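Notes to accompany the following structure.
Chain IDs A, B and C follow the sequence of writing; residue 1 opens each chain.
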Amino acid sequence: MSQVDTTTNAGQLLAAASGGRRRLGDRVFSRTAVVAAVTILALLAGVAIFLVSEGYPAFTAAASELPEGKTFLDYVAPLAFGTVLASAIAAVVAVPLAIAAALFITHIAPPRLAQTLGYLVDLLAAIPSIIYGLWGIFVLGPAAVPVLKWLEEKLGWIPFFEGPASATGRTMLVAGIVLAVMILPIVSAIAREAFAQTPRKLAEGAQALGATRWEMIRMTVLPFGKSSVISGAMLGLGRALGETMAVTIILSVSGAVTFNLISQANPSTIAANIALDFPESSGLAINALIATGLVLFAITLVTNMAARAVIARQNHE
Amino acid sequence: MLGAATKRSAAEEGKPEMSERPAGVTSTEPVTKAGRGAKTIEARDVDLFYGDFHAVEGVTMTIAPNKVTALIGSSGCGKTTFLRSLNRMHELTPGARVEGHVSLDGEDIYAKGVDPVEVRRLIGMVFQQPNPFPTMSIYDNVAAGLNLNSRRVPKSEKDAVVERSLRGANLWEEVKDRLAKPGSGLSGGQQQRLCIARAIAVEPEVLLMDEPCSALDPLATLAIEDLIAELKNRYTIVIVTHNMQQAARASDVTAFFNLDATGKPGHLVEVGATNQIFTNPTEKQTEDYVSGRFG
Amino acid sequence: MESASVSHSPELARPSSLLASGAGWRRRAKDRTMTVLIAGAFALAMIPLISLVYEVTKRGIPGLSLEFFTSDARGVVGEGGGASHAIVGTLVITGVAAAISVPIGIMGAIYLNEYGQGRLRRALTFFVDVMTGIPSIVAGLFAYALFEIFLGPGIRLGVMGSVALSVLMIPIVIRSAEEVLKIVPNHLREAAYALGTPKWKTIVKVVLPTAFAGLVTGVMIAIARIVGETAPLLVTTGVVDSMNSDPFHGRMQNLAVYAYNEYRSPGVFKQAAYDKAWAAALTLIAIVMLLNIVARLVYRRYKTEIR
């Protein structure tokens, strides 16, 4: 019987040699892990710091030196307006559809299809934004033109649909709808998870009372999933706020600050503005663009943190 | 109540070769041919905490070499916690703390400068749920102790170790033709014997077993109990079990743990020869437990 | 409302009159309506998906050609030229981004799951959440600003794009790696510890191999997410016509930027340019779909069954 000295004797418990070697391996590895953690934090801090330092000159510069001859505030305000407007449209359109899609998948469609259907919805998230942009301007825009005309005719008294309706479809409404399609999978995925986790006892309680399926959904699933859906909507909103390419391509920009959703004259968004102007800019104009990026970062940060606060509050209940 | 437990048994397997021992260690147990012997564990005033929660208090007992010591008691009375303090696994839980003295063959395993990893090599453990490494073959599972402990062992030696361990675990005949297959393809009882083979492959001096049969069917349980009876010739074995019949069947020494009330720390009530504990215990609590009046 | 039941026995009369009673009928009609509305909404949500895939395929195929895949656009003013430089650019920029993000991301996940405690851990979890919300163009601006400090303004480099993409990719890798590491049962780690294995070896030789399939899948999905990014590259890697495979010198573009550029500056032969843009879009979608499918197949084939 061969003897393999794989361990030390009890008497060598205090042997420093092998213990030292092992502790070195542990030390190196755990230090590396900590370094990775710190690097990530440093990266994030770097983003903030660099943006602030590069953007700062634009905050303090005089209007004449900045693009369009405006002060920074005047420069960024219409862009911020456009950003929020486009994202609001996206949220208003996407959230109800996402909730409906989630309800369909979790409660109405045959259960064995649920995974496939969910996968299909998630597929929308995998498509790169440039493709959404091309689709929006070449497909959805032209297809929307008759709809825009109809809106102008029938609902033109509402400020949103004042018109004149664009002939190319390159409007805020179309851009908002494309954004809605882009954020739908995010909101829907969160809603799906929330709806699927409605406790059985709640749902069965409603059914035992003789409720129809819709009534059961309305009484138990929706209230239970409410805060998840809200936070999902806010996360989707955050994503829409930062979306660039779709808006860059689709929107016909005039810089006008208006609620008119169906005309050629639209404000730009912060992100689209950067994408359009950055390649050809230099000097203080670049600082100005970076400063607008900082503003965008701040807006999305607040939105995302609010969304997580909603989730956190729900988890504590 | 330490009575018979501290008596050392004579004439164990193999020639009693004395290996080199550093001065100051006075144990004189017989050793196996491999140059190591089953060792004694002494616990003195061991208190175990999870954060502020006092889980186990004041355990003092000796675990004799080449004997099977069973820790019994109702759920939650601290027997597994105490077991895990014997190979320094207890401290792996965040916030867990050990006070008191535990020594292996006279050496304090909690002394400053002692590497817990080293302690765990000397004191092996088998768990309640068989847990072969899912990414490794049967062969690699048994050899895991060798592979993971950074010693380059030539293949021929490894082969010998694997065979010896599998034989020792009564598993060799069943798996010798499929050593390269994954460990997860075995039945529950076979997986547990694989884990035992894995544990003994590194030739520990003590083998701790935490309810090793509770996830197994009666036939597999019997096979493991037979195995334990063989293994005690080479190792010191401590086994936690909530099955009194198993303790009565398989152990030489029994230690009974109990709780005064939920939330109170568990403590050692009585320890002694299994025969005595089950037929003529000293403490009333023990008698109540072994006669099934509670637990 | 007349009972439709023919039977005259009192027991049977009651249920059918319930069914036929006003409240029940209305409620069930509402249930049906809502079901139809919800199903309709789902179908509505699927329309863009179908339209997208259809249109990209239909419009992209005319632009595909051998030339598209084999030549770049250098010196091309006419209808010719291809996107080989964009394809190579995609591979290089994405590859470098992955080379940066995967080690950092996985080590970060190991830290969070295996080592982390206290303040650093909480800070990291919180900030990784924050990072997932960074707009892609802001990540691009950061990379630009970073390199501008060291290399001066107006610089465009392939590796800048990779850095920008890493900012987007790292949180994705960390999140998915963390999930996968969490699934590895603790009793496997304990089995290794009980054998006297040091912690780092347990992680490297037990935890990581067990989680391997999930880690690979997570990385592939993260790559799929960033392979089509345009905005951060517009501000970092710029637009270029000729082949460049060196990330450290000169401009580089990926397929997405190429598509955008063909659309934006189509030149004289508009349709040909648009065709190429769609062809690039089609190639991009194919790459993304391929990555997603292969990722799922890899997971199913190689995942470790933990009994």
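We take it that a contact is a pair of C-beta atoms (placed from the backbone, for glycine too) under 8 Å apart; a residue touches a chain by one contact, two chains touch by 3 or more.
As the structure is a computational prediction, the values presented were derived from the model and not from experiment.
Trainee: Which pair, B-C or A-C, has more C-beta contacts?
Mentor: A-C
Trainee: Compared with chain C, which chain's mean CA position is the farthest off?
Mentor: So the chain farthest away from chain C turns out to be B.
Trainee: Let me have the rounded angstrom distance from the C-alpha centre of chain A over to the C-alpha centre of chain B, please.
Mentor: Here chain A and chain B have centroids separated by 54 Å.
Trainee: Hey, how far is the Cα centre of chain B from the one of chain C, in Å?
Mentor: Spacing between the chain centres: roughly 49 Å.
Trainee: Distance from the CA centroid of chain A to that of chain C, rounded to the nearest Å?
Mentor: 13
Trainee: Multi-chain contacts only, two chains or more: what residues does chain A have there?
Mentor: If we look for residues of chain A contacting two or more partner chains, we find 7, 22-23, 25.
Trainee: When you check chain B against every other chain, which residues touch at least two of them?
Mentor: Chain B, residues with two or more chain partners: 117-119, 121-122, 145, 149-150, 202.
Trainee: Out of chain C, which residues touch more than one other chain, so two or more?
Mentor: Each of 196, 198, 201 in chain C touches at least two other chains.
Trainee: Mind listing the chain B positions that touch chain C in their complex?
Mentor: Per the touch definition, chain B meets chain C at residues 87, 89, 92, 94, 117-122, 124-125, 127, 129, 131, 133-135, 144-145, 147-150, 184, 195, 198-199, 202.
Trainee: Can you check the complex and tell me which residues of chain A touch chain C?
Mentor: 7, 22-23, 25-26, 28-30, 32-41, 43-44, 46-47, 50-51, 53-54, 96-98, 100-101, 103-105, 108-109, 117, 120-121, 123-124, 126-135, 138-140, 181, 184, 188, 212-215, 217, 235, 238-239, 241-245, 248-249, 271, 274-275, 278-279, 282, 286, 289-290, 293-294, 296-297, 300-301, 303-305, 308
Trainee: Under the definition above, what is the set of chain C residues touching chain A in their complex?
Mentor: On the chain C side, the touching residues are 27-28, 30-31, 34-35, 37-39, 41-42, 44-46, 48-49, 51-52, 55-56, 59, 103-104, 107-108, 110-112, 114-116, 120-121, 123-124, 127-139, 141-142, 144-146, 148-149, 153-154, 167, 170, 174, 196, 198-201, 203-204, 224-225, 227-231, 234-235, 238-239, 256, 259-260, 263, 274, 277-278, 281, 284-285, 288-289, 292.
Trainee: Report the residues of chain C in contact with chain B in the complex, numbered from low to high.
Mentor: Chain C reaches chain B through residues 117, 185, 187-188, 190-198, 201-202, 205-206, 209-210, 212, 304-307.
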